[in-house]
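Paired with subunit B in one complex and with subunit C in the other, subunit A is shared by the two complexes that follow.
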Partner chain A sequence: MKKNILGIFLLLVAIFVITAIINPKFLNAYNMQNLIKWSSLYAVMSLGVAFVIITGGIDLSIGSVVGLVAVVLSICLKLEGMDPWSAIGLTLVLSLAIGFLHGILITKAKVQPFVVTLCGLLVYRSMGRWFTDNQSIGPIPLEDDAGYANIEQIQGLDFLFSGKIALGSFNLPTPAVFLLVLSLAAAIFLKRTIWGRYLFALGNNEEGTRYSGIDTDRMKILAYVLCSFFAGIAGILFAFELDSVQPAQTGEFYELYAIAAAVLGGCSLRGGEGTVLGVVIAAAVIRLIYNSINMVGISTHLEFGILGLVILLGVIGDEMLKKTVARKQATLKP
Partner chain B sequence: MCKWWAHALVTLDRLLSRVLYVMIMKTKYALTCTFLTLSLLFFPGCGGERSSSQSDKPSFAYVTNGIDPFWDLCAAGVRIAEKEFGLDCEVLMPPKGVVDQKRMMEAMLAKGIDGVAVSPIDADNQTSFLNEVGQNTILITQDADAPKSDRLVYIGTNNYKAGRALGKLVKSAIPEGGEVMIFVGRLEQLNARQRRQGVIDELLGRPLQNLDEVKFDSVDSVNLSAEGSKYIIVDTRTDNFDKAKAKSNAEDSMTKYKNLKCMVGLFAYNPPACIDAIKEANKLGEIKVCGFDEQDALLQAIVDGHAHGTISQQPWEYGYESIKMLKSIYEGKQPNKKYFELPFLVVDQSNIKEFWEKKKKMAELGKQG
Partner chain C sequence: MGMGSSPYLQVKELRKSFPGVLALKGVSLTLEQGEVLALIGENGAGKSTLMKILAGVQPADEGEFEVKGEMVSFRSVNDAMSRGIALIHQELNLCGNLDLASNIFLGREPVRGGLIDESTMRQEAKKFLDLVGLDLPVETIAGTLPIGKQQLVEIAKALSSDARVLIMDEPTSSLSQKETETLFGVVKDLRRKGISVIYISHRLGEVIELADRVTVFRDGENAGDLSGEEINHDNMVKLMVGRELSEFYDRRAHQPGAIILNVDQVSTPAFPGSPISIEVKSGEIVGIAGLVGAGRTELLQTIFGVTPAVSGTIKVRGEVISIDNPRTAIEAGLALAPEDRKQHGLVLPMSVRENSSLPSLRRDASRGFLNDEAEDKLTQVAVESMKIKTPNNEQIARFLSGGNQQKIVLGKWLAMQPKLLMLDEPTRGIDIGAKREIYKLMEKLAGEGMAILFVSSEMEEVLGMSDRAYVMHEGKISGELNRDQLSEEAIMNLATGNLQVA
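Showing the complex of A and B:
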């Protein structure tokens, strides 16, 4: 059930070319680095939600998980002075646990994914605010913080998660490397392993899959665990990228960007469809639109409007293209 | 009745369809190739240079900390300065906090902007990014400062003094003393904390603090009072810019504190939210409102006598002075001090009419600019 990603790719190229024509500075290295960086950060989350959407589920808690992970990481590194690698480990375990909890509630307690993750959205956001008294916090300790003893290691982490690797005159942001590794792993998992096929099967026909002797509950739990895990990684990346975590705002609404990217990238909300490359391109399209609006000089008030319209037109165009292909296939086959 | 050309058309159609089909089916591979080609194109084509903008005029960006009518009034000042000095100015309002603010400033740098005036959202933790901006263009802060960064100058109201002036307004609203409640968008911003502290210190009769060394009462401290003071600051509630939450905070405070005498709104939308809540509870006049900034609903309430007064930072001055400062630095005149203090204005029944007229005029001028 592979959906074509030609449409979304053409959209990416079209916006890219138009922006470059209107403002050639769009193409300068600095802007390209920024574009790659932001696209990678958002694409990591989008990949995570794609797993869940492929099984026919939904995860609305991604933004809050990003926020909570960023908050917990900052508290551990800055205020508690915890060993930096342990702090990273702790936050990743936290995100895995959140995903596992979602999976258990959805499969064993039979609560709808929408409800479970909506409540998660509220609870994790609130926890982040409560842990910090709703005060801004950053992962990099200042001189009078307990974590300052580990400053060298933390600066190392800062480079790992938000640094730039010099490739000649071009500096590749490290989040892009994370995205590359994660998307390769995700693609291999989805396309080359039996579990990946189970996920697609589950999204296409849950009953049928179960009657084929597949433990669908376990597969669903796996999808939610992966989703939260990816959100957790995104949380760490965002914390180091921004150096500033606002408990009430960091990650707010990111679930919608992630879901939009997954859908624009070819995942069907009905489940059973989706490609890793499509989701990555779609996440890049969304960030590209934001960048283009600034580069072209359109009022920032129009950002959401333009984004909404482009996504809508993108999905409609993609549907039409898909139909055309299907028609051609039908006429050519006999 | 088939004619030869009809056959030819059908054949051509089939041929084209076949080509299209093969093309689309092969897209996966084509995509990979295109990606590689595009990436190859990027690397040599990307110089790192950031020269000045396309037009000959100097270009400046005015970056706010969010979306609010307050910033629209600042934008009016920006437009006036833009016209007066013959510049190219952009006003950027990040809708979602730090992440959008960073993204927008990065785009400005990519565009080769000549100067940026920003209201940093989280000054301490944004320092390294602000320094990066400062290394590439003229950077000044306005409205909220980032003292640890390399910004050349900060243009702003002394929010602590303004807070104390607001405290004086509260005193004149309820000279007999009583319970006071503070409402604010968020206390993560230094200016919000300074304002709040100014109000608290004034009401509790504490000595004037130096702006750089203000000692803050804890965010969640309740029932603050002092010997010799008639005022109790019962609580401070935040709403994270959620206007509905701002109103429900005001409603809840009336439920919780039966003897509440005065509501103090520190962000522009807080006083109107308080007035709304008080109106619906039929307590107009019973609970006084003192505010900050100049939303029409608050100004109307001052005219009607439902609110006591407000402290206006005269936002248009922010926009105007920021751009003027950027221009003068651009022309090589270094500012002789790091802090440029803008005067604030106490608005109450005595001067509300003239003030409102001026506000309308400024907003209108801004639109035309």
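Showing the complex of A and C:
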């Protein structure tokens, strides 16, 4: 394990152990299942934004994409009575299209990523509210709800996206399985394919990468497409998890959690750095902090403050570690 | 203390190292008041490093440094300026959007009642503009002036802060003949007023005209001093390269083969009105000389597809290729080792391996998956054949010396087996040993039939390496010289637009 991942992993273990000692209820199966579930949901978004951050970009629209996808999925299932699998397909295509649009605006129209995705944040949120007249809506029928064709299939999807798999006495939430598959795929993509290498290269030096014959624009578009795609998957998972989607709130601020996890997990906003494992662990740390604040009995008003300080200290520690490593490398003799 | 009792400025045994390279191995230098001292040496000899230390841009590791007999150590540019030492940068540092008065007094504005005292500032600025012979209203916006005049404004700015020593780093590299003459007039005038100048230049002709004394650096050490009658071309070159020129550039006659590159009426986006036609044959080393800003780098970038041509055709081995990005150029068998190695040539935070394999990854991959075996082998071949001095193949490129970095760039392109290798300032910032190796490599590759096109601002390099050379002036090819026509004079005449003399 690389040193910086080891650091964040030790942080995870430390908070875990301390919370468990202070409040043994923390360890009960229900709490653990919840923790795993929410960590997985956050980690899926964080992995998505990691692709973009590795290229030196940023995506602020993730939370709104999550919200819009959840809304559109619910509309398709409830009001349109659409075939559930087609509805899933449609929302995924929607998220791919959003990412593609971001990529084109950033590479071809040369608008800064911050601006493009900030506008996206506003536009997608507002679209979701307009489509639903700001009324809450869900992908599965609650009692006496009308609409919804093919209830059986919808229930199947509900199990797939927010069900539990019994492993002996422990029920593993299905989002964890999604995370496992997606993080493996992301890790293979980043470390084992030429495109992953290109993303790191262009994040470190875009011009230098272009001079080596790589179509850097195309690679950046790919990163934004992947980011929105992961946000789209997260949107589907959240919709089934929440059952009722609030167009104004669902997914709000999630982009900040995702970016925080990516940064705490070792991605530099300057680009060119990051690992899948680090990001996944960092997403878990963020959820764990929330959970342990509740468990330990610290005022929930301090949530944001504690989270902010942990991220800040984590990143400072990471920078110091990098400097030491760099110093060692610099003094190596041929 | 009277004049001449101790030199105005004296450094002894100055040392400075950077990660992976010992830039100064104990150099010494003295400067008298009212003296023009030329500091010369090949790229990578340590001139710029010493100048940065003198100007307070970076500290020395070891060594003594005296101003007017008093030991000093500079922590910042302001420290140096308070001792009267000012650096006139190669890249000008004026704010193009501000007027001349504001530029001259930037950060030192005269203040009255908390507000900038505009009228005093203008009056004072006028005085210093007169001192450098610039007859311009102080309200002129700096960015609208040609580069030669901007440089004079920089000098006025330095004088306004009571500079007694001006360090000028390649001041004429982008000046026209006329601007150069004006600058020389100003420098001679300042000398009469007791101001000392350290003049760094590659142009030996200028050094002969201007310098009272010459200090030569070679590879981070003093190679010798010349004064008065000793200052001539042969003496300077001998000290710079450390041997007779013919030994340094070990050139054989080449038998050029088929035409590899044919550039026909191509105009670059930087000079859309100046179509260029050149050709390079297999086994031929072709140089491109000219002043900085003449459009040489832009030409290579256009051939390589970084800035696609706005008109004209490029043929590679007789076939018209539409090159609109580096990828198409590479596929056609072209390669470019760019001038800005750190920004364009390498991905500095990545390893020797990752840099060496970057262009070849796609070729060696299967279905997009990296081929580790091919990558390791390719890196090993590059490191061994280029003699890259690195602790291991995972070393981060940033921590290697300029020479070794350049070797990585060359290694990564040779792994692509290009038909034409383009080199932009191939030896800038690298030490003399690596420099020789690069010359040998160019020679060897040409011998094997590769076509080589290189841009250089170093006269000796163009003279020593070219089978044939083009000279550029203001975006156009101003002349073509065969090996027997190559001389410093011929090149300078063409480079400065003196067409009638050629």
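The criterion applied here is as follows: the second predicted complex is superposed on the first by the 309 of 334 C-alpha atoms of A that agree within 3 Å, B and C clash if a C-alpha of one lies under 4 Å from a C-alpha of the other, contacts with A are read in each partner's own complex, and residues count from 1 in each chain.
To be clear about the criterion, a residue touches a chain if its C-beta (ideal position, glycine included) is under 8 Å from a C-beta of that chain, and two chains touch if they have at least 3 such contacts.
The structure presented is a predicted model; accordingly, all values stated were derived computationally and were not measured.
Enquirer: Once chain A of both complexes is superposed, is A:Asn205 in touch with subunit B (first), subunit C (second), both, or neither?
Expert: In the superposition, A:Asn205 touches subunit C alone.
Enquirer: Tell me the contact category for A:Leu332 with respect to subunit B and subunit C: first, second, both or neither.
Expert: In the superposition, A:Leu332 contacts both subunit B and subunit C.
Enquirer: Of the partners subunit B and subunit C, which touch A:Ala248 in the superposed model: first, second, both, neither?
Expert: First partner only.
Enquirer: Counting only touches as set out at the top, which of subunit B and subunit C does A:Lys164 meet: first, second, both, neither?
Expert: Touch partners of A:Lys164: none, neither subunit B nor subunit C.
Enquirer: Which chain, subunit B or subunit C, ends up touching more residues of subunit A in the combined arrangement?
Expert: When the residues of subunit A touched by each partner are counted, B comes out ahead.
Enquirer: First (subunit B), second (subunit C), both or neither: which does A:Gly213 touch?
Expert: second
Enquirer: Output the subunit A positions appearing in both contact lists, the one against subunit B and the one against subunit C.
Expert: Comparing the two interfaces on subunit A, one with subunit B and one with subunit C, the shared residues are 329, 331-332.
Enquirer: Using the touch definition up top, name the residues of subunit A that touch subunit B in the complex.
Expert: Per the touch definition, subunit A meets subunit B at residues 4-6, 9, 13, 23, 25-32, 34, 38, 133-138, 140, 142, 167-170, 238, 242-246, 248-250, 252-253, 277, 290-291, 294-295, 297, 300-301, 303-304, 325, 328-329, 331-332.
Enquirer: Which subunit B residues qualify as touching subunit A in the complex?
Expert: 17-18, 20-21, 24, 27-28, 31, 34, 42-43, 45-50, 54, 67, 90, 92-99, 102-104, 106-112, 121-122, 124-129, 186-188, 219-220, 238, 240
Enquirer: Spell out the residues on subunit A that touch subunit C in their complex, using ranges where they run on.
Expert: Going by the criterion above, the answer is residues 192-195, 197-198, 200-201, 204-205, 207-215, 272, 326, 329-334.
Enquirer: Residue numbers of subunit C touching subunit A in their complex, please.
Expert: So the residues of subunit C touching subunit A come out as 19-20, 304, 306, 325-327, 329-331, 336, 338, 343-350, 354, 358-359, 361-362, 365, 368-370, 389-392, 395-396, 399, 412.
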